[in-house]
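Common to both upcoming complexes is chain A, partnered first by chain B, then by chain C.
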Partner chain A sequence: MKARRSFHDILVFYTLALPAFIIILILASLLLSQLGLSIPIFSVQGLGTYMKTVWKPMYEPPPHGAYYGLLPAIWGTLVSSVIAVLLALMFTISLVVFMEEIAPKHVKEAFSTIIDLMAGLPTVLYGIWGLAFLGPLLYKNVMNSIYTYFNFIPMFSCEPLSGATVFTAGVLLSIMITPFTVALVQESYRSIPYTYKEAAWSLGMTRYEYVKLNLSMITPSIVSAILLGFGRASSETAAVTLVVGNAMNIGTCIFVPAYTISSLIANQFAEAQDFPYMLNALFAGGLILLVIGLIVNTLGVFMLRRVRF
Partner chain B sequence: MDVRTLKDRVFTVVVVLVAFMAILPVFHIIAYITWKGLPVILDNGISFFIEIPAPVVAERPGGIAPAIAGTLFMTLTATIIAVPLATLAAIFSVEFPNHVLTRAVRVTSRSLLEIATILIGMLVFILVVLPLGRFTALAGALALAIVMIPYVYTYVELALLSVPKTYIEAAYAIGMRRAQVIFYVTLRIARRGIARGATIAITKAIGETAPLLFTAFGARSIIFGGLLEPADALPLMIFQFIQTPYDNWRALAWGGAFTLLILYITVFVFARVMVKEVKY
Partner chain C sequence: MRGLTRSTLIGFVLMLIVVITGALFLLGGERISQQQTQVTQTTPPPGETPVVLLGSGATFIHPQLDYWAKEFMKRYPNIRIEYNPTGSGTGQTQFMQKVVDYACSDPPLPTKRWQEARSDPRGVLQLPIILGAVVVIYNIPGFEGKLKLDGETLALIYLGEIEYWNDERIQRLNPDLKLPAQRIIAVHRSDSSGTTHVFTLFLYKASNGKWPKTLVEKAIEWPVDKTGRGLGGKGNQGVADLVQRTPYSIGYVEFAYAYIAKMQYALVKNAAGKFVDATPETIMEAAKNAFLKLPPSLEDDFNEAWEAIVFPPGENSYPITSFSFILVYKIYPKEKAEAIKKFIEFINTEGQRLIVPGYVAIPEDIRRYNLRALEFIKEG
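Our next item is the complex of A and B:
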């Protein structure tokens, strides 16, 4: 009887362990394929793959014929994600303060439902709206006026030519990541002990002073939301590809069409097999995307753990 | 009015305005897609859902049947792969909480949630598309399954952890074996939570574009070619057709966007109703 029982336990263990192992294997093979398939491009171009701005697919292999420098795409990813995070931070803090401190209960509930709806909305729908509506709107009403009045600032120093720019991508991304950052900040805000809040009110603070105090107590979670939001923004593909303009540009101005790493992969992966080393260059792009994600997510989770009451 | 009160008033007004500004886009997106997409469907009637896209010069745009068939087929196949796999892995984490594999699968699931889904497309391209020598619906379904796994795992694990320990102890006390406890007690009690996890994962899968770009690739000359042929999907069709200069195809993209929106809202409402009913 005892032997059969342990056989039963072993069977249960392996039936359950196998799927867990398969899932780990999927991630391991993803990491290995990104790493392994980017090695060839590094062996011919070295770190120039990440440092150079030339993107020249040709049949003659690099470094003498073709050249695959990813710097413009990396730059585009960073710029669009920074714009997204800054705007999302403004939205996030306002939404959290509004929902937690100002809105009546039923308004608050309506807001949470809407934010949940935003969080799962297929990204291609954000993209098609960004392409047809948001891009032209920003071009006509925002970018042109900023350019006219602030063109002495390097960031705004180039004349926008259409709505498909890295700035548009940043604005669209900020809308898309807001539900995610709201969830992070709201959870911390709610975890502030009620005694602290009562003490603040009893001192006769105004709502502004009270909110400022509360936010200062959860600063690590706001930093964490910035980092994790950045991770989300940098990995988004479909919506960004539709609005970012898809051109190899690098510079301080944000009113130019650009590439992000993911939009570069989305646009060029299918043809990449025709050119030697081009597929490897795109895998090197995937690799840097993984590295960026690893850094911001590790730091973000670390910061989130620092909120303790 | 002193300075403190003034600051407070200005702050409150700014916060309320920005909060409303932040949620305004989603209403505009829904309205705009309805405004652009609904007329396309009304103009073409049932043929919009049962025909293949017409040539770009044709008088009518045709329909999006390949996209609907592909989305349904690939999402269903992905669900059949991802839900059992992730559910069993989640049971493992709950049954053996201190095992090294549990820690590894938790980290894996968190990482898969954060990874750009286009990288999943690249992986499936290398592992499935290159060896088979062609883009296939199977590759698309596998990519979607990988997208779904971390969502199913996370929600099922939560559901399993919320099963009251007293029920499980009672089951062991009457002499049930581990497998019996898992299947007759834990899974039965947690079934709504599991269904909710699966539903959330499905909403993700029906909206994904990036992992399908070079796995399913898109095929529009027949409605559905089979498991080993390229396939279309709603997000893929929208993504590709909206970037073309042809009015017919752009009309199909808008009609498809409206269809996807309705599909998403339906599943979203379904998932909400299910949450409200979870009670032990």
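Our next item is the complex of A and C:
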């Protein structure tokens, strides 16, 4: 049977559809403009834009004068985001298990409120805190000890010299994305049907075995939280710019100052138009950020859909 | 009228929201830009339309120019001076596009741009109107005195070749000090800046060939970054903040900034081989010694003069000094020609006695030199 359609139904339908289409158009235009504005740099530098470590602003256009290689910034983005999701994973699983299985009701509620609050704070606040407190703290109490005892591992092989490092950025990012990943994982932990839990108890499982079983049931959502968290971490700008050190550097050690793509754009966009092609290079950075974001978010959403009970 | 149900109403409300949002979208941009340009607005006398001179450019000169504008408008209430601190590069671009009446820039127009501007019917005049300097700041825990440094040592630090504070090459300049065996962290600007341009130009001129010419620019690839001992900060504020927070670090900031923040800065060796402190006197001394290098006419290319004031001769010249320029056209519409002439005259006479702390006035010779602009500017 066909639903009866009146004039005002149609009117409502189209007015609602309009903003929805605008959103899709915005994404499309975002992609197209990023692509369009990056094409000039690819035409002079080719894939060197993503593969080279040289960042040399000059008035003589590339490839003979200036050169804009984004590899150090891409590397910094990946490293800081990987550190962030690994730590956030640790925080997330302990928080979810604690809140769902151990904490009494009012403690759990207090935690929920605090985490929600953390998710809503302006990111630049985290940046200032990171610069003034977290960075020096990590430098004095964490990085120096790790370096002293584990310097045979290439990742920790360089002596930390200040709090502004890619490691600090990773730790700060992990704190910033944790509220988000906790929300995702907790949601799906709660959605495990009670019958499964009862069955687990009735089999005489220990608490540890029980939690392990529950976590294994929601593995796809944990993976999805990691991916979506990675997407957030890689695109964060304001806070990272303040703690990452803003130095063009690439290497295996994580105790050195570095750049991320977003901090590079934040630092250099303002006067980029003074150097030929520099603006295009920054847009190419935006493009790869967009591509990374699209890939991890699509995968993340895809994984989230695989949670079925 | 039962036909007009809730859904219709919601539909209309949504439609209204969409239309309003769309309208705001289209109008919003213009509103904001208007607000930005009206920073220094004052009320003109009734019955007269004020002549507006709109400018944009360097952030360095902004506090000083605002002060000049304020004082100038007290004397000439029917002229309004507006300034947008967009950065030197943007100021130059807007000057070339003729969307402003004047522009300020730390470096003069690059030779290529200057040629283009000069061949334009409206022409170009560049006036060095204020002096600036770059000072070297440092954070060595337990040390309060004045460090002595020279161009070569600074270049080697920023090249990453000098690694420790107690390096023999730094120690030699400071025989009385006991410098720590700690690694040096070299802080630099992460945004592009005239301060970096002046500093790298100094490193090039004063380092006996250690610092390459290709690394003289307002944004460069810092060799020290590759060693993991380089740190970037955004703006003078960012650099100063990093130096203060990072033990055993070194950095460079604008003199005006360090002066107001009462920071400790190093004595730098000048071309005559003396270690000089940055003070308004030593900075002005550098300008006096660079005066002879100014081109014969305001219409000429100023790049050579701008390079000459860095590391100039003279016993008491502070070596990392720079001019900051105002760019004006030779031809203006009738009312504007009068107004810009009055403003230029004001800046180069009375204005040089109205100097914001941390800035340095240009020497008498250069004031007279600048006043020749009044003969060039015509109505048209």
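As a working rule, the second predicted complex is superposed on the first by the 284 of 309 C-alpha atoms of A that agree within 3 Å, B and C clash if a C-alpha of one lies under 4 Å from a C-alpha of the other, contacts with A are read in each partner's own complex, and residues count from 1 in each chain.
Note that contacts are C-beta pairs under 8 Å (C-beta built on N, C-alpha and C of every residue); 3 or more make two chains touch, one makes a residue touch a chain.
What you see is a predicted model; the values in this text were computed from it and never measured.
Within the superposed three-chain model, A:76 lies out of touch with both chain B and chain C [touch as defined at top]. Of the two partner chains placed by the overlay, only chain B lies in contact with A:121; chain C stays clear of it.
When the shared chain is aligned, chain C comes close enough to touch A:54, but chain B does not. Judged by the touch definition given at the top, the superposed model places A:229 against neither chain B nor chain C.
Using the contact criterion defined above for the overlaid structures, shared-chain residue A:283 touches chain B, although it does not reach chain C.
Once the two complexes are overlaid on the shared chain, A:274 sits against chain C while remaining clear of chain B. Using the contact criterion defined above for the overlaid structures, shared-chain residue A:170 touches neither chain B nor chain C, since it reaches no partner. In the superposition on chain A, A:62 makes contact with neither chain B nor chain C. Legend: residue contacts after superposition of the two complexes on their common chain; A:159 is shown touching chain C, with no touch to chain B. Chain A has more of its residues touched by B than by the other of chain B and chain C. Common to the chain B-facing and chain C-facing surfaces of chain A are residues 8-9, 11-12, 15-16, 18-19, 131-132, 241, 266, 270.
Of all residues in chain B, only 4-5, 7-8, 11-12, 14-19, 21-23, 25-26, 28-29, 32-33, 36, 84-86, 88-89, 91-93, 95-96, 101-102, 104-105, 108-109, 111-112, 114-123, 125-127, 146, 149, 153, 177-179, 182, 200, 203-204, 206-210, 213-214, 217, 235, 238-239, 242-243, 253-254, 257, 260-261, 264-265, 268, 272 touch chain A in the complex they form.
For chain A in complex with chain B, the touching residues are 5, 8-9, 11-13, 15-24, 26-27, 29-30, 33-34, 37, 90-92, 94-95, 97-99, 102, 111, 113-118, 120-129, 131-134, 175, 178, 206-209, 211, 231-232, 234-238, 241-242, 262, 265-266, 269-270, 282-283, 286, 289-290, 293, 297. Chain contact summary for the complex, chain A toward chain C: residues 6, 8-9, 11-12, 15-16, 18-19, 54-59, 131-132, 135-136, 158-159, 161-164, 241, 245-249, 251, 253, 255-257, 259, 266-268, 270-275. Interface residues of chain C, counted against chain A in their complex, comprise 3-5, 7-8, 10-12, 14-15, 18, 87-90, 92-93, 110, 183, 185, 190-192, 214, 217-222, 225-226, 228-234, 241-242, 245-249.
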